[in-house]
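Each structure below is given as structure tokens.
Both complexes below contain chain A, partnered by chain B and then by chain C.
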Partner chain A sequence: MTELWLPSADPTAEDEKPPLALWRRLGFGFWVSVGWVLLVIGLALLAPILPLEDPNATGVGGRLEGPRPGLWFGADSTGRDVFSLTIWGARISLVVGFIAIVVGLLVGGSIGILAGYFRGLFDGVASFAFATLLSFPALILAILITTLLGRTVFWISISLGILAIAPVGRLARAQTLVFAEKEFVMAARILGADDRRILIREILPNVVVPMSALALLGMSIAIVAEGTLAFLGISVADGLSWGKQIFEAGSRATDLQTGPHAALFPIGVVFLTVLSLNFAGDRLREVFDAKELSL
Partner chain B sequence: MVGIGNAMLREGEALIHVEDLVVEFPGPRGAVLHAVSDVSFDVRAGETLGIVGESGCGKSTTAKAVIQMPRPTSGQVLYRDSDLTKLDKDALRATRTDLQMIFQDPISALNPRRSIWDIIREGVEIWGTHGEWGDARILELIESVGIDPQYKDRKPFQFSGGQCQRISIARALALDPHVLICDEPVSALDVSVQAQILNLLDDLKKQHDLTMLFISHDLAVVRNVSDRVMVMYLGRVAEVGDADSIFDNPAHPYTQALLAAVPGSDIAADASLSGELPSPLDPPAGCRFNTRCPHASDICRTTVPEFEQFGPDHWVACHHPQATPVELD
Partner chain C sequence: MLLVVLAVTFLAFASMNFLGDPLVNILGPIADESSGPEFAEIRAEARAEYHLDDPFPVRYARWVGDLTQGDFGRSFKNQQNVRTVIADKLPVTILLMAYAQLLAIAVSIPWALWAASRAYRFVDKASTVVSFGMLGIPVFALVVLLFWLFALYWQIFPTRFDDSGLGPRLWSLTLPAISLAIPLIATYQRLLRTDLISTLQEDFIAVARAKGMSTRHILFRHALRPSMFSMLTVFGIQTGALIGGSLVVEQYFGIPGIGRAVIEAIIRDDFPIVLAVVVIMSVLFVLINFLVDIAYTWLDPRVALND
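Now for the complex of A and B:
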């Protein structure tokens, strides 16, 4: 065989220069986005031990007092510390976003992959269920679930998670259809791999990248959706969230005029977080699609 | 190619013995797509059978039906003494490891998310490492297909098409198969790389005592690698025999047309093909080649020709064969 060893006649493109490390290919913007999200998560996790004002304590600052050192985001109409409110609010908003998309990924993802792989009757039923879910007005469904089952973090997360099932499931199904046709799946079957092994080793690794990109987008959508529910006055009954905070700060026009900072700061944090999640998701998909899938 | 009958099946030991293989797929609006119709052939141990024909003639489908991917509509596929079409799922899974396959598109044949080490070890991973099936043997295998083992942790996209085909070959050989089905293995590769892969296959065939089914539309390639050749047209076999008979003394008008299309061929140009391949949804009655055959007569449009012997190992299914039969003893 040695005479067949002809690297020069059959070159790999990267013989000369090794491919950029993955972290370099993802780019600066991706890491800034990830950094922001991690910062918000970190602050939210550490909220109980950070030297913050009690978010529920009124009169910490003056009524709608503007930002100043020590009261970074100013105070709201009852004199609560907006900075502290925002960080404590992140806890519930992030948890709702996270649980929602995990539900979407686990339920929608597995149904979608199985439907795309096994086809047949199961696929028909699953596709019909996805279409039904998608055609149902999303907000109405969320309102229905939360009113019926309770305005707790758990049920709000679940109701938003149910809304994520159909889009995630459709993507998973479409991706699986593409990859199940590939010859490496047939090769694995000829080698003796059973369905379970093919699903886990061959299909899942290929479907998981576009899915995780979608998960980041989905998490940002869930955070905004929580805000929407809050704005309708039906988010978490007890506790703080970004949506609830913005709703309370922005529900009276005079307050908005005299002290817009009470609403604008949490809005800014939501905006940056959602933007970061979107951007990171997009980048992830771009890099993996372009580099490894198109070849 | 319109041939029926099993006259061309040889006596004696065959490793693969395919009889009356039919593969049909559901077509649009209840129609039936006749991908492979009544195909019979046999392959002896150590032989390479080349299968040639235009795109859509059923050559890949035939090969895939041999390994039950998918299971054929009817017919039998004997491998050694077991009928693969009758094996249950688990028995088939175990038997099939003995018949491996390499594919036309070397890129889509490799999972982009796995390292080539994982890809090549897959078979051993499934069936367990024991004795001489250890990792040392896999490394040896990687080296024997001409890939530097130090690249074993790389992903497929870091290799060229030719290298990916080598990796596919290594994966196929990891379970020590006896049969290697090559489905257009060099069609997607540059000409310079084609020769390397063909040489590699030839070397490995000797080293591993492989029996091969070699599918290609490239007649030069097929002549190079095959001991015997089977020419297919629209799901049926037209002509089958040893490579020299088929290439030097082609008797079926379709074989002649294929050969006439090769540049530099000394076969008359008027034998070359005109017209379109008819739809396998509605194949012509009689000889399936009658719509494009310059010698077609009434009988060709009504009666499916049976195989007739033309030489010691040369069989033709044609009502008007275009060559002189070799005298048989």
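Now for the complex of A and C:
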């Protein structure tokens, strides 16, 4: 640290470059990330027709046998095919992540928009409800809801969706507050548009674009949350999922020591998937200049 | 703030009571009326003991009243006093969380200063990639990875929680605390670096440099404090994530803390313990965010004047 270099501005800042097409502005890394996510989704969708071993079949490989051609990720402690387990495990993780964020966007988004547009008592109640939901530690709330509602794919997705309502709703409300004051809304009102038309034609398009950028980040949060529940043994009762797979392969020290590949391969896949969703969501957010979404 | 805490307790209490029958959870199968008259007496006894015949608002009021006096009721399953269970398990969880936060702050602040003073150079960009990667590892994957690497492969840390004294306890909590700290480090580093970079463009930094102060002095004494706002805000929010993470870490490393207790309680439908933990964690969360608000005035005295 001899001399302090005073940064004047980010030399790679967007505004210093000539405007590029949207797909160029998102950058190479964005498309690599999207490619990886699409690959995982594709494999998960096609799992039943791909030439994979039955993920529940034991003794496909030797006990904790290492990776080899035909058994790409090796075998776990009961000789199940780790590659097949990982692909099948993606199904629950992705479905739960997808439903959860759709629920969060639909319910949270509409409550937030209505609260921000109509203000008054409804806004007060909604904002208070958001603050209450947010002051539960997220995972404790998820555990509470899943325990009470049941451990099926549907209810796990719904309870993670409930978790997404408050942050999404807050953001939608804040965005609506900004746009409800804009001239074009006033112009529409002067032209005789009623509330419904203003909400759907004027407000909604402006709120949806930055929010959809956050859907990717939200999905990665939901996937991690499902994995966490599964890891704790309180997600979908009888199903394969990444969290469960990593717990089964990683919870016995002796197994982990002799055959770390059974845990490390799914960990790598989870890592790349979460990283890709984060990165793609982050790039979209930068490009659309939306605010942070956190759980 | 108090209102929010009250709403949290109401929501938790209501969901526990309406989404399941407490009597079934206390007694198991003999709670059913059809299970025979010989159990009628036990049923009546349990109903009286847990006041299950009272209307819901009365039960809620009694429960909140007991809470304010530090009485969390008794466990449904082994009739233990919930307060002793909590008092027994809370300290190690608090220790673990404080340890993780300390580690995170101790690593992220120097890292952010280092990166911000080299902003947009190659090393800074590389370190940004590293911290982004650290955000992408879920805690449940991280614990397995770190355990394998540091406890099994290199055998630096013990594989089990050791409660034989303060030294061994802290040492065996190091690996769990690192697992919790890694996402925190990345979060703090990213925020602080961004804020530092904008602070370093301010006039008073240029003045300090013109006076011939050393880089180290400028970074630590002038730039750091006004740059800590976002980091402090997130410190409060991240406490929620830390509570979630401590469930995973305690379960995996076998640490007898409150996170393990709540998972066991959930699996056994032991509502009083779950309720107590939900309330304590939410209060802790709200309290820390309240302290964060106070800390703003320390960072920047102008905040108080504007109020």
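The criterion applied here is as follows: the second predicted complex is superposed on the first by the 270 of 295 C-alpha atoms of A that agree within 3 Å, B and C clash if a C-alpha of one lies under 4 Å from a C-alpha of the other, contacts with A are read in each partner's own complex, and residues count from 1 in each chain.
As a working rule, a residue touches a chain if its C-beta (ideal position, glycine included) is under 8 Å from a C-beta of that chain, and two chains touch if they have at least 3 such contacts.
Worth saying up front: this structure is predicted, and the values here are computed from it rather than measured.
Novice: Is A:201 touching anything from chain B or chain C once the two structures are fitted on A? First, second, both or neither.
Specialist: first
Novice: Is A:188 contacted by the first partner chain B, the second partner chain C, both or neither?
Specialist: The answer is first: A:188 touches chain B but not chain C.
Novice: For A:138, decide between first (touching chain B), second (touching chain C), both and neither.
Specialist: In the superposition, A:138 contacts chain C only.
Novice: Is A:149 touching the first partner chain B, the second partner chain C, both, or neither of them?
Specialist: second
Novice: Just to be sure I read the superposition right, which of the two partners does A:222 touch: chain B = first, chain C = second, or both, or neither?
Specialist: Once the two structures are laid over each other on A, A:222 reaches no partner at all.
Novice: Decide which partner touches more residues of chain A, taking chain B and chain C as the two options.
Specialist: Chain A has more residues touched by C than by the other partner.
Novice: Looking at chain A, which of its residues have contacts with both chain B and chain C?
Specialist: Residues common to the chain A contacts of chain C and of chain B are 1, 4-7, 10-12, 295, listed in rising order.
Novice: Would you mind writing out the residues of chain C in touch with chain A in their complex?
Specialist: 3-5, 7-8, 11-12, 15-16, 19-20, 117-121, 132-133, 135-141, 143-145, 147-148, 151-153, 159, 197, 200-201, 205-206, 209, 215-216, 218-219, 237, 240-241, 243-245, 247-248, 251-252, 262-263, 266-267, 269, 274, 277-278, 281-282, 285-286
Novice: Where on chain A does chain C make contact in their complex?
Specialist: 1-8, 10-12, 128, 131-132, 135-140, 143-145, 147-149, 224, 227-228, 231-234, 243, 246-247, 249-251, 253, 256-257, 260, 263-264, 267, 270-271, 274-275, 278-279, 294-295
Novice: Which stretch or stretches of chain B touch chain A in the complex?
Specialist: For chain B paired with chain A, touching residues are 67, 69, 93-94, 96-97, 99-101, 103, 105, 107-114, 119, 122-123, 126-127, 143-146, 148, 155, 157-160, 162-163, 168, 171-172, 174-175, 192-193, 196, 199-200, 203.
Novice: Using the touch definition from the top, list the residues of chain A that touch chain B in their complex.
Specialist: Residue positions touching the partner: 1, 4-7, 9-14, 19, 182-184, 186-194, 197, 201-202, 205-206, 291-293, 295.
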